[in-house]
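I'd like to ask you about the structure that follows.
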Amino acid sequence: MTFPKHLLDGYQNFANGRLPEQRELARELAEKGQKPETMVIACCDSRAAPETIFCADPGEMFVVRNVANLIPPYSPDGEFHSTSAALEFAVQSLRVKHIVVMGHGRCGGIAAALTPDMEPLSPGDFIGKWVSLLAPAAEAVGANAYMTGAERQTALERISIRNSIENLKTFPCVNILHGKGKLTLHGAWFDISTGELWTMNDTGDFKREDNPQAE
Amino acid sequence: MTFPKHLLDGYQNFANGRLPEQRELARELAEKGQKPETMVIACCDSRAAPETIFCADPGEMFVVRNVANLIPPYSPDGEFHSTSAALEFAVQSLRVKHIVVMGHGRCGGIAAALTPDMEPLSPGDFIGKWVSLLAPAAEAVGANAYMTGAERQTALERISIRNSIENLKTFPCVNILHGKGKLTLHGAWFDISTGELWTMNDTGDFKREDNPQAE
Amino acid sequence: MTFPKHLLDGYQNFANGRLPEQRELARELAEKGQKPETMVIACCDSRAAPETIFCADPGEMFVVRNVANLIPPYSPDGEFHSTSAALEFAVQSLRVKHIVVMGHGRCGGIAAALTPDMEPLSPGDFIGKWVSLLAPAAEAVGANAYMTGAERQTALERISIRNSIENLKTFPCVNILHGKGKLTLHGAWFDISTGELWTMNDTGDFKREDNPQAE
Amino acid sequence: MTFPKHLLDGYQNFANGRLPEQRELARELAEKGQKPETMVIACCDSRAAPETIFCADPGEMFVVRNVANLIPPYSPDGEFHSTSAALEFAVQSLRVKHIVVMGHGRCGGIAAALTPDMEPLSPGDFIGKWVSLLAPAAEAVGANAYMTGAERQTALERISIRNSIENLKTFPCVNILHGKGKLTLHGAWFDISTGELWTMNDTGDFKREDNPQAE
């Protein structure tokens, strides 16, 4: 069981390049603890890493990554809820000031939500169950035969971001701090093809960052 | 609701720096789809981002991040299991060749597992429930009064990595492919203070990468 | 009844500027007749003039402009059909090689189609009747409560362009020449806010011209 | 289906030239909406574009273009009337202050009106039907064997402009606002060969703008 070489090579690049430059920072973050101001919920997709997109340094962002960057609704039922646990930790213990839900183009999880009749990937059908969190919206979008497949995909990617932000507000700790202005919630959508970042405004619409007036 | 400036500044650095260099790569990954060879389960901790530690490019690694980088045991009970969904997708759809469970030093989730009497962070006590996946091991480690607090912390961090790797094997899709040699499972532990990477060998022990004989 | 001064001033600018430069061209086009290669169907909107957007010279494009740049389906019923008449003239008499249906952002006609219960602008309700050409698609788009108003607007603007292109093919003269490869049909969508042009590809999706990979 | 290159080249000229100069104007017109003071009914002819002739900026004129710049009589019969719809929108919604009917020399639609026995361009004979709106006047002009073909052409072009202005007044919304002095109606005729503009006065006669006494 040899550790993958490509990862060891990558680690060497880090050890020779970035690490020496940030040695003091790393030591300080270890001794004093992390105090990231931002929590990001992003997708597992290999093309949508928030640290890359935002050029983040160690200590900057507390990152949860799951399929299709979903926040489930608040459900204190005693079950295992990893995303809820991360949220609770970020809000109550780390006291982050910003939560960003970041979706992206060509998301496989969103595509799965739009294909509910797809054969389960395994008998457990974990993906099918997980993306069913989006079932009502996926059904509404999927019913529109006038839109192209790509248009429905992008539509649901953005609806999902708004939906996750609404689900964030179902968590009492988020709702209270948000109401007091101590916590702000944001949406972003990353175009993996062009590297463009779109951010959400007050109407729930997304605008490209290098050109905020784009439709 | 203005998008956080520090994130927009970071994005500008990406847009001006790394993006132009990798424009062709991004376009190709978008058109052909992602084919990462590696899945990494890492912690949400802002000091332990796998893309940073392994200098990963877009398309290289499919990354799940949850508190304490835990893989729960296979549990096809129809509930929402985000980490299991990501695993199912990586193994069955993306057909990754490697899964790396990467833990790190000073992990807040591991610390929480070692403090079961800690006040819940919120009435939902999601963290408490989540880290109870480690309860048996945490109890055994916590009972050892001869080890220092830091030694118990590091011990459980490493036990947890081995535990997650065992839980990976409870997933039939992982077990089958692992048995055929098409999928290898790896453990790693990152020292956030020094930037050192320790990898797991066949005995379950961790060795530092730049000096494999160090204890 | 004095001719509006702002128009006379504009005409003077033309007479002193562009006209002297294109005097030969104008004379030749008058004597030999127009032979535009392109027909454009655009909206009446004051912010979406095709000659401006494409920097067209006299003789380049035969332009029909109506509310929401709609092509109605082929309907040889002996009624007055101005858009059909223009199409017939362009295809059969001028023998254009390209037909471009150009829509735009924030189209009032599309907004009217999405507000079927709106009070008629006059007892004749000409607009209501005209945009009812889009009723099925408008209803499908309007039913999606998950999309924002702006998202539905843009969705229908693009659906309408595809719909008009399909209606073009219901005209036998278009269908025959298109089938022979002597006439190509194109879609474009102009962002009046940013001046960006999006063109339609074979899947019916729209891509921004300065960045063809944008979603 | 590649978008025509000559149009993309023209768009690049616009994007590099006029657009940067008018970026603020475009943004403002998009955000606040269009408020053109003038509606122009012009011909589809590629040599008679009103924005070119009047050097119009975005937001200045709401433009309808059909064959022979005809306004049909008010006909609230529940049929599809695109020119009437545009008129209704301009007058009732945009509240334009001026309507200009602009004809031009060598108009193919007028020529068609003067050739009623011409073979239909297609079985639908849309042009034949459309220009029959001018049938009475075309018949009277056509009967005059003493005028040359070109004189009859110019005569009908100008008769048609006056006829369209009379048809504008058959629309109650136009008639009411015109009667109150809130809306003025104008005629213009553009000589495509020389670039000269002729405007209509109270007697219905047309005078050249740079030399009002010319016949």
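Note that the chains are named A, B, C and D in the order they appear, and that numbering of residues resets to 1 at the start of each chain.
Just so we're on the same page, contacts are C-beta pairs under 8 Å (C-beta built on N, C-alpha and C of every residue); 3 or more make two chains touch, one makes a residue touch a chain.
Since the structure is predicted, the reported quantities are computational estimates derived from the model, not experimental observations.
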Taking mean CA positions as centres, which chain lies farthest from subunit D?
-> B
When subunit A meets its copy subunit C, do both sides use mostly the same residue numbers (more than half shared) or mostly different ones?
-> same
What whole-number Å value describes the gap between the mean CA coordinates of subunit B and subunit D?
-> 68
Can you check how far apart subunit B and subunit C are, centre to centre, with Cα atoms defining each centre and the answer in Å?
-> 54
If you average the CA atoms of subunit A and of subunit C, how far apart do the two points sit, in angstrom?
-> 40
Would you mind listing the residues of subunit D that make contact with two or more other chains?
-> 27, 30
Of subunit C, residues touching subunit D in the complex | 1, 3-4, 6-8, 10-11, 13-15, 17-19, 22-23, 26-27, 29-31, 33-34, 36-38, 44-47, 49, 51-56, 58-67, 70, 72, 74, 76, 78-90, 92-93, 98, 100, 105-106, 108-109, 121-127, 129-131, 133, 171-173, 184-186, 188, 192-195, 197, 199-202, 209-210
Subunit C contact footprint on subunit A (complex, rising order) | 105-106, 136-137, 140-141, 143-151, 154-155, 158-159, 162-163, 191, 193-194, 196, 203-205, 211, 213-215
